[in-house]
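Labels for the chains are A, B, C and D, by order of writing; each one numbers its residues from 1.
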Amino acid sequence: MSTITYREAIVRAQREALAADPRVILMGEDIGAAGGPFKTTEGLFEEFGPLRVRDTPISENAFVGAAMGMALTGYRPVIELMFADFMGVCFDQIVNSIAKHRFMCGGKVAVPVTIRAMGGGGVRFGAQHSQTGETWVYQFPGLKVFCPASPADAYLMLRQAIDDPDPVIVLEHKAMMAMKGEIQTDAGRWPAQRPQVVRPGRDVTLVASLAMVRRAMAAADALAAQGIQAEVIDLRVLRPLVAEPIIDSVTRTGALVVVEENHESGGWGAEIVARALTAAFDYIDKPPVRVTLPDWPMPYSPALEDAAVPSVQKIVDAVLAQH
Amino acid sequence: MAGKSSEATGRVVSIASVLGAAGARTAYEKLLLIREFENKVYDSFVAGLVQGTTHLCQGQEAVSVGTVMALRDDDYLTYTYRGHGPCIARGMDLEGAFAEIFGRSTGVSGGLGGSMHLTDMQLGLLGSFAIVGAGLPVAVGAGISARERGIGQVSMTWFGDGATNIGAFHESMNLAAVWKLPVIFVCENNLYGEYSPILSTTPMQDLVVRASAYAMPGVVVDGNDVVAVLDATRRAVARARAGDGPTFIECKTYRQCGHSRSDAGKYRPPGELDAWMERDPIVLFRNRLLAEGLLDKAGLAATEQRVREEVQAAAARAAEGPWPEVRPLHDATYAGTLTA
Amino acid sequence: MSTITYREAIVRAQREALAADPRVILMGEDIGAAGGPFKTTEGLFEEFGPLRVRDTPISENAFVGAAMGMALTGYRPVIELMFADFMGVCFDQIVNSIAKHRFMCGGKVAVPVTIRAMGGGGVRFGAQHSQTGETWVYQFPGLKVFCPASPADAYLMLRQAIDDPDPVIVLEHKAMMAMKGEIQTDAGRWPAQRPQVVRPGRDVTLVASLAMVRRAMAAADALAAQGIQAEVIDLRVLRPLVAEPIIDSVTRTGALVVVEENHESGGWGAEIVARALTAAFDYIDKPPVRVTLPDWPMPYSPALEDAAVPSVQKIVDAVLAQH
Amino acid sequence: MAGKSSEATGRVVSIASVLGAAGARTAYEKLLLIREFENKVYDSFVAGLVQGTTHLCQGQEAVSVGTVMALRDDDYLTYTYRGHGPCIARGMDLEGAFAEIFGRSTGVSGGLGGSMHLTDMQLGLLGSFAIVGAGLPVAVGAGISARERGIGQVSMTWFGDGATNIGAFHESMNLAAVWKLPVIFVCENNLYGEYSPILSTTPMQDLVVRASAYAMPGVVVDGNDVVAVLDATRRAVARARAGDGPTFIECKTYRQCGHSRSDAGKYRPPGELDAWMERDPIVLFRNRLLAEGLLDKAGLAATEQRVREEVQAAAARAAEGPWPEVRPLHDATYAGTLTA
């Protein structure tokens, strides 16, 4: 165990992967000497050199596709896409090539590509630099989608992603870069790749991901003061989605509130609600509530951005209104 | 001239012959306006008036001014996150621009866009794109309109050296060339994409050679010489208006500050910045104005004073602007009425 | 009223729009003299010439972005993207530029772009040419997403899309091209842009889109023979999603089954289930069921493709299992 | 040689000097094999054994054979929906290929891929891409591997003239050039993208000029002359193996049949097809084999007979193949175990 930031956890996971496996190669814009636009590759260029930590041209479609070519021929590329919004310029390679190639080959190949992308709002970057990307990719079979909401997960999920024989998209959240926490380096103690109860409670199940987990936790604190014990579940893995922990929880609490940093229509919250209500139909006694981004792009103005991203207060209010 | 360093390079043209005295004053004023604007944005960032990030263009002002001055009022423009230059050169309201960057409701886009998205349709400022390369296809589309409308409009788009490696650049160049559209592609080759020197991402330093891949005329110009930029752009614009199709203009220039707010520019080889500071586009032009006797020191000082005051006043007014009201923004999202 | 095919309805809508408004310009690959890969622009090149019906290079990102530039400067471009799967190569322009531009301009511009794309399975085109595209785009505020499930809607939705001041993605289904039906040319009689009950029933609400509507109708016939009266709702407009007709229906039937040609995780079916169960919580007395594609890419082999796309029998079975 | 029609064009090299007698026989056999294979796929479509669509390459066989014969066993290949040629030239099992196209479980990908997606990792056949341009980045990635591994492997990718207008082409060419990767870009310029003649979508007929935009050597070769193709490819491969980076090879050729199953080819100017049929790559090579005395008529006839029988037999066996069992396909989707 050691206490580091979310950003440092990302660096460390990559450093260890590079050291452990010569097949691991990092690629992305300005990840070399500059250490990455978010400093998530700091020091790695110095340590592993320009062939293992490669600065690319601004050609996302080419280097994401190249990652697949590398994976098919024995390497384990790790791509840094910088902003998750940039998945737009390489979407074809992600969803049509990388996600489907193994399948189209009859399952005869593996495509061990890791793609890291940093998303999310709250940092005044405007409509084209604030999307989490979660709902862009979690619908595609063939991909795995990891969403680390703590330094511990930023570390272990990235290590798991790089080790995984399948393509994994790791969606990091830029508002969490400085968040501190303990990491678990002993792989034997890593939790399973599924949602995790991060705070137990008996009255309502709060499901959140990425930066919303902290807010859900804070809301649970506030609710506890008002006598409502919220159970908080960190969704963690968006695909493949394992609903059991959520179903189990709502079966006990009887109420579900999801908190996500995506628009309501098309958000993963609907999937959670649908699965929970289908499986625990007889146990849920309150209409579920979704706390999401509003139905417009992310505004730039701080006043409006803060009003858009689900706040602790909004989560509290949603739970109170439900109860 | 396709694929060759053009005749424009190295050719020294007199200010008077290209700009005339009044034009020279306008150009100087615009150069200063952009410089002062960017400096003020920087200061405002430091002062906490601007959050997020911002991409400034000090050192590249001559490209904005020289290219924009070749345009007509009804021409179209698309540009990038580093796009304050073309906007100010085009005459964007300074208070509105500052207010947008400060996130106020008085901003040109009511605070919804921000520093990376200054636009003003009245001025043909169609859009500022924060995704590298994304503005080029849009300019091509404006070029289709211009061509269809048949009144000699042109469309101009700015982008960096780094942007010439993204697919959108290639597709846009080809489409404009094969349809012979009136589009001027202005490449601001400032030698870096973020922190990456051009030769680490591109197998050549002279990007003009890429024009020949589309049978498109290409010219290289000293991007720190506003007169040369204007001169070269006018020729390209004339070709476009005459129906002879697009031109690629490579402006060799330099970004004097970091890529964005958080960049200290440590990747620069020693001496490089200093060398370019000596070729500062404003200083160069100022010296030539004096040398050609188009403005005297007093006139220059008066202009500088006026511009500085104008910028400071606009920023001050912008900082007083109210925050946008927190309200449903469906109407900003959709133009039509929603059944929902 | 006149009886034509789905494909002819698409041609007709475009012909009328071209004739009515000189600002309308069609662009796409091989839509000119060739009449379009799916013959959905047949005869238009001959009638309106090469400037109004433009063959493009294979440069989707450029011509979709160009459409926005045209729209901002006074034209009304209509793009044919051919296969919906090709949205991958121009995703950035669709979701980051076209969807958000008006908003980022403070609502001061309109972006009247129409994008037509043909999707869906059942025609042995394999994993990269069989996706409906519905779940790729319906999550983005700023876009409208129309899904015509009949010649009537293929006609009127395309006319509405072209007239709309906002960007509209019209997702046509390639397995329906030869479907015949009546079209309504009198705009005064067009239904509102929302889901529509296409068959009334009292026992269960079936919600479907595109090619699944026909199958849901056939399933309703089969169910009627077994004494179950299914109400079938054609979803029609995925964004903005108007849930009232569905909520109203489930309030009456008490049971919901959605049928869609997308994977379960990330499908719009979850959104329908979530909205219906949230709003009609007290009226629904059976767990909802989703009939979807399985969680793998579309297989090429006819045997496997037919097993993957929701069949009439599967829908019937799902309803019977629910009841 | 960047940007110029290369020395390879027009140069007539003797078969014997390039291929030798055994190589000549192999080349002839491979040419025939592809032709017979494609003809049989066509017939199978008409007979209802193939559904959906299929994109055939009759007329372009010399490109597949000439380029593939320059490769080593451990090289990598990516190609397109019109990719049966490279697969057969590389030695893909014929029954497995037919069975895949027929959708049978005995297909090379168990029927999951189909006509547009023939692959065989054992042969370095990494992937067939149905999205135009999508195979190029993947080949670049294989080129990175090849370069890293350092045993002289190369990566080769095929694509059409139309594909040179998509962003992925541009980004891939640049990346391969700037990193000096051992990638051979084989452009099959068959004059059409679907139904669009090249000059309607591209502002030039000679695509080789595009290589110069990446400071990459480019050569043009008669794509219907298998010897010329092999000769040019060998040089490119040698450069790549030596660490001297990528080459762009433009093969001028012609698609004798329609774009896909539903295309009758009405867009062709009268006489064009006939002229190209006279330059049929198999007839040309056959005549030269006879002229150079490398095979006599009896030898040719025997080869033709053998190939035809081999193809027919493979197709017949494939048609007997069982349909894939309807079962959960999670294991075909993911290589790892799923917690779900």
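Things worth noting here:
Convention: a contact is a pair of C-beta atoms (placed from the backbone, for glycine too) under 8 Å apart; a residue touches a chain by one contact, two chains touch by 3 or more.
Quick caveat: nothing in here was measured; it's all calculated off a predicted structure.
Using the average of C-alpha coordinates as each chain's centre, D ends up farthest from chain A. The interface holding more C-beta pairs in contact, when A-D is weighed against C-D, is A-D.
One simple way to say how far apart two chains are is to compare their mean CA positions; for chain B and chain D this gives 45 Å. Computed centre separation for the pair chain A/chain D is 40 angstrom, with centres defined by C-alpha atoms.
Centre-to-centre separation of chain A and chain B, using mean CA positions: 36 Å.
Under the contact definition stated at the top, the residues of chain B that touch 2 or more other chains are 107, 111-114, 117, 129, 131, 165-168, 171, 174, 178, 200-202, 329, 332-333.
Under the contact definition stated at the top, the residues of chain A that touch 2 or more other chains are 56-57, 59, 61, 85-86, 88-89, 92-93, 96, 103-104, 126-128, 141-142, 240-241, 295-297, 299-300. Residue ranges on chain C touching chain A, taken from their complex, read 61, 85-89, 91-96, 99-100, 103-104, 126-128, 135-136, 138-142, 239-241, 262-263, 265-271, 273-275, 277-279, 281, 286-290, 295-297, 299-300. Residues 51-53, 103-105, 107, 111-117, 129-133, 162-163, 165-168, 193-196, 200-202, 267, 323-324, 326, 328-330, 332-333 of chain B are the ones that touch chain A when the two sit in their complex. Interface residues of chain B, counted against chain C in their complex, comprise 76, 78, 107-114, 117, 119, 121, 126-127, 129, 131, 134, 136-146, 148-149, 155, 167-168, 171-172, 174-175, 178, 329, 331-336, 338-340. Contact residues of chain A toward chain B in the complex are 29-30, 33-34, 37, 55-61, 85-86, 88-89, 123-129, 294-297, 299-304, 307.
Touching chain B in their complex are the following residues of chain C: 25, 51, 56-57, 59, 61-75, 77, 92-93, 96-97, 101-112, 141-142, 144, 164-166, 192-194, 237, 240-242.
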